[in-house]
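Next up: some structures, all given as structure tokens.
Each of the next two complexes has chain A plus one other chain: chain B in the first, chain C in the second.
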Partner chain A sequence: MNLKKLLYIDRRIIYLVVAIGALIPIIRPIGLPVVPTEPVIGLFDKLQSLSPGDAVIISYDYGPSSEPELNPMSAAILRHCFHRDIRVIIMAIFPLGGVNMAIRQLERVTGEFEDLEYGTDFVNLGYKDGGQAPMKAMAVSIREVFPNDVDGNDTASMPIMSKVQNYDDVKVVISLATGIIGEWWADLVNAQFDVPVAVGCTAVSAPKYYAFLRSNQMIAVLGGLRGASEYEELLRRNFEWAREVYSDPDEMKQSATTGMDVQSIIHVIIIAFIIFGNVMYFATGKEKGR
Partner chain B sequence: MRRTIPLVLTFLVGMYPIFAFFVPHATVSGVNQWLDKALVIVAAFALPLGVVNLVGMNLEKIKQRRAGWPYAIVLLAGLAVMAYFGVIGVIKGDTGFHPTFEVLFESMVSPLQATMFSLLAFYVASAAYRAFRARNVEATILLVAAIIVMMGRIPFGDMLTGGRMTPLSEWIMNKPNAAAQRGIIIGAALGAASMSIRVILGIERTYLGKSRD
Partner chain C sequence: MQPLGLSIGVWVNALLTLCILSFLYKDNPFFRFAESLFAGMSLGYYIGIVTVQTLQPNLIQPLSETFFGNYNYLLLIPMALGIMLYFRYIPRISWLARIALAVYIGYYVGVLMMQKIHGQVLPQTRDTIMPVTTGGIGALWNLVVIIGVFSVLVYFYFSVEHKGVVGKVSRVGIWFLMVSFGASFGYTIMARISLLMGRFSFLVNNWIRPMFGS
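And then the complex of A and B:
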């Protein structure tokens, strides 16, 4: 067989292999075990250290393109907060659907909690345009930046907001971010106002955030689906309720743990293609592929 | 005059926060806080400016029948429909979202964006096979690091190596990667700072547009 032919595999064959590799774990989940790492444990420990009634901000800084990676992360963090009676202030800086992501996630998670009260236990402040401008102004007054919530209700009359004037009353900011927005929270809010910041990001953005993590400008980085599945694993290891939630078949379909099966297969396929491509490259006398 | 007033304004609003940072007096901070609030409003104007620019560019493209002009019609129609239902929702709706806006977002914007990014898996696999070659020492280092990190991000890696792949991958991310990223971030920050100084001092004036004086 001519080795050069193998160097020029039709890309449609590669696409077919990837498609089959993605489908198999969706049809029959494998359930590969994930080991939590230090960058993810940082956020878990921080939320564990908070007292009931403490407030955190979760900023939905992503859109539908990052949903598969960041939705499971968001659901796991919200569940952790609500189970520990931590007050959650939701907001969005990302214009292309950040607020829609927040609404969907709240609908998904809040139904699991009977006693949860909107305006007391959590609030959705909605989207604010201007990127870093509202972040900076929130240091003076969050209510002035968000006089109304996503439904147009007056935030000043909400019990949750009466206890939270500005960043001084916020224990941690968690940005679920795509692109550069997570960096802004570290640059501006952590550096200038000393608020602990954690970022949940897409896998492609994760390497950038390690620099902020090492310089203690972030307390945690949850990188992509792996970060989300590690957080789910931490919840499962520590709480009975989490083991119940993540054993539900409907919930499992949307979980990062199931997504990791797909990611695992795809990574192995890509690595196999890279190795195969290099073997052919050397076998054919370093001929350039097409 | 058309350029002098914007230049003076830029200088004043650019210098004041720096001044306020070093002078934490209540009066000085008060004005600075007012500037921060004003910044939220001013920054919001970037959105309509972007829309005006986008509409202008695409109308021109349609007029001149440039390559891909039918897509410009789709873009403008999408913009008009989403903007219409978005604004109507804010004015009339109780929840801030018009039902049609939600349907369009959930059934068009969301799946279209998700599909576009899902395709990356296919392109990355194909591109990695064709381009990721150990052509020289640098490319080989990159190749080996990429494979370790990719294996470290999946449970298979640990299963194959008895749990060694995740710590190795984390070491690459925490040490060489963080060091390189730090260099890039510091470089970009210095560039942004020098550009800001140029703008504040009026040396960089391209943001004012072309002069007709």
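And then the complex of A and C:
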């Protein structure tokens, strides 16, 4: 057998194998176990420690390209907040779709709660341009930065905003971030205004955020789909309602836990290809006497 | 049965996804079309959302509703600076754009300088000052962090030739960098798989399954 042919296998065959590996758990979820880790437990514990009526900011700093990783995270955090009667102030700093992600996630989750009232229990302030500028200005007055909500309603007349003037009235900021925006919340808002910050980020950004976690500039880091699945697992372990929500077939399809099945299978495929490629490389090298 | 508008949206979404995925086979006009459409729509979306969510509530509304109240007339200054940025397209007065750009850069340099020193340099440096003599696994990890930071800094110090002790320490730095790149690359793969999973999940659960009524 010519080993060299195997070494130069058409990349499209690899794509095909990966595609099959991804499709199997999507069609029939396996339910591989997920074990929560400390960086994720930090946010869960923080939200558990808050009292009903406390306010948190959730900033939707991602767009459609990060949807698969951050949507399940967002849904899990929103559910946790609403079940604990924590008031949620939604906003977006990421221009390309952040506000739409927020609208869709609120539509998905708020329908599960009959007594939630917009403007009292939660508000969607919409998108604000300028990156660090609105973040800094919110330390003085959130209402001045967001005079209107996402639909153009006056925020000053909303009960939730009458209790939240600036960062002093916010217990934690949770940034669901793609790229660098989560970093700004830590090195600007946490550093200068001492607000606890947690970041749910795409896996690409996760390594740099662990440095902020280590230096206590963040209270938690939820890294990619894995972080989201760990948060879902924490909810399932602690609450009966979560076990019901995440056993619903439609919810399961969108959950990070199902996504982790795909991750695990494809990781095995990739590791197998790496081992195979290296074995073939050294085998063909020996043939040539290298 | 899905509403017609929703099903049309799903079909457009699915077909554009397939156009993009077709690049995996080879470059083709369908991929080019979807790519250009995405770029154009992103720009249009950005202009729209900045107009509706920032310019309208933070500039146009205050100026039109209460021009003199709450010192709103001062908003004319950032408005003028914003318009001046576009003067660069008129050669005769293009120099005016530099004034606006200078203000813009000045503001962000000021914000970022504080942000980086106060929020990154100092806390991250402080985090490398850790006990290594307390014993236990914690002290061992602290030592690893200290050696890592020190050796990588030596690797990036180019005023001394990397020979002898400096060379050996910088070599250790390279190893730390390689481990860091490996971790980043592993996480990147994880993120890319999530994207693939997201698209496949959409195609299977939102497009194909409803077609067959399941």
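Following the convention adopted for this analysis, the second predicted complex is superposed on the first by the 285 of 290 C-alpha atoms of A that agree within 3 Å, B and C clash if a C-alpha of one lies under 4 Å from a C-alpha of the other, contacts with A are read in each partner's own complex, and residues count from 1 in each chain.
The rule we apply is simple: a contact is a pair of C-beta atoms (placed from the backbone, for glycine too) under 8 Å apart; a residue touches a chain by one contact, two chains touch by 3 or more.
What you see is a predicted model; the values in this text were computed from it and never measured.
Between chain B (first) and chain C (second), which does A:L23 come into contact with in this model arrangement: first, second, both, or neither?
In the superposition, A:L23 touches chain C alone.
Output check: A:I9 vs chain B and chain C. Expected answer is one of first, second, both, neither. What do you get?
Touch status of A:I9: first partner only.
Could you tell me if A:Y281 is touching chain B, chain C, both of them or neither one (first, second, both, neither)?
In the superposition, A:Y281 touches chain B alone.
Does chain B (first) or chain C (second) touch A:R226, or do both, or does neither?
both
What is the contact status of A:V34 with respect to chain B (first) and chain C (second): first, second, both, or neither?
Touch status of A:V34: first partner only.
Pick one for A:Y62: touches chain B only (first), chain C only (second), both, or neither.
neither
Taking the superposition as given, does A:G130 touch the first partner, chain B, the second, chain C, both, or neither?
Once the two structures are laid over each other on A, A:G130 reaches both partners.
Between chain B and chain C, whom does A:P207 touch in the aligned arrangement: first, second, both, or neither?
After superposition on chain A, A:P207 lies in contact with both partners, chain B and chain C.
Is A:V268 in contact with chain B, with chain C, with both, or with neither (first, second, both, neither)?
first
Hey, what residues of chain A end up touching chain B and chain C alike?
15, 18-19, 22, 65, 67-68, 95-97, 126, 128-130, 132-133, 136, 145, 150, 152, 203, 206-207, 211, 214-215, 223-224, 226, 263, 266-267, 270
Please give the residue numbers of chain A that touch chain C in the complex, ascending.
Counting only chain A, the residues touching chain C are 12, 15, 18-19, 22-23, 26-27, 65, 67-69, 95-97, 99, 126-130, 132-133, 136, 145-148, 150, 152, 184, 186-188, 190-192, 202-204, 206-207, 211, 214-217, 223-226, 253-254, 258-259, 262-263, 266-267, 270.
Going by the contact rule set out above, which residues of chain B touch chain A in the complex?
On the chain B side, the touching residues are 33, 36-37, 39-40, 42-44, 46-47, 94-96, 105-106, 109-111, 113-114, 116-118, 121-122, 124-126, 128-135, 143, 146-147, 150-151, 153-156, 158-159, 163, 166, 170, 173-174, 177-179, 181-182, 185.
Which residues of chain A touch chain B once you look at their complex with the stated criterion?
Chain A reaches chain B through residues 9, 11, 14-15, 17-19, 22, 32-35, 37-39, 63-68, 95-97, 100, 126, 128-134, 136-137, 139-140, 144-145, 150-152, 203, 206-208, 210-211, 213-215, 223-224, 226, 260, 263-264, 266-271, 273-274, 276-278, 281-282, 286, 289-290.
Using the touch definition up top, name the residues of chain C that touch chain A in the complex.
By the definition above, chain C touches chain A via 24-25, 42, 45-46, 49-50, 53-54, 56-58, 61-62, 107-108, 111-112, 114-116, 118-120, 123-124, 126-127, 180, 183-184, 187-191, 193-201, 204-205.
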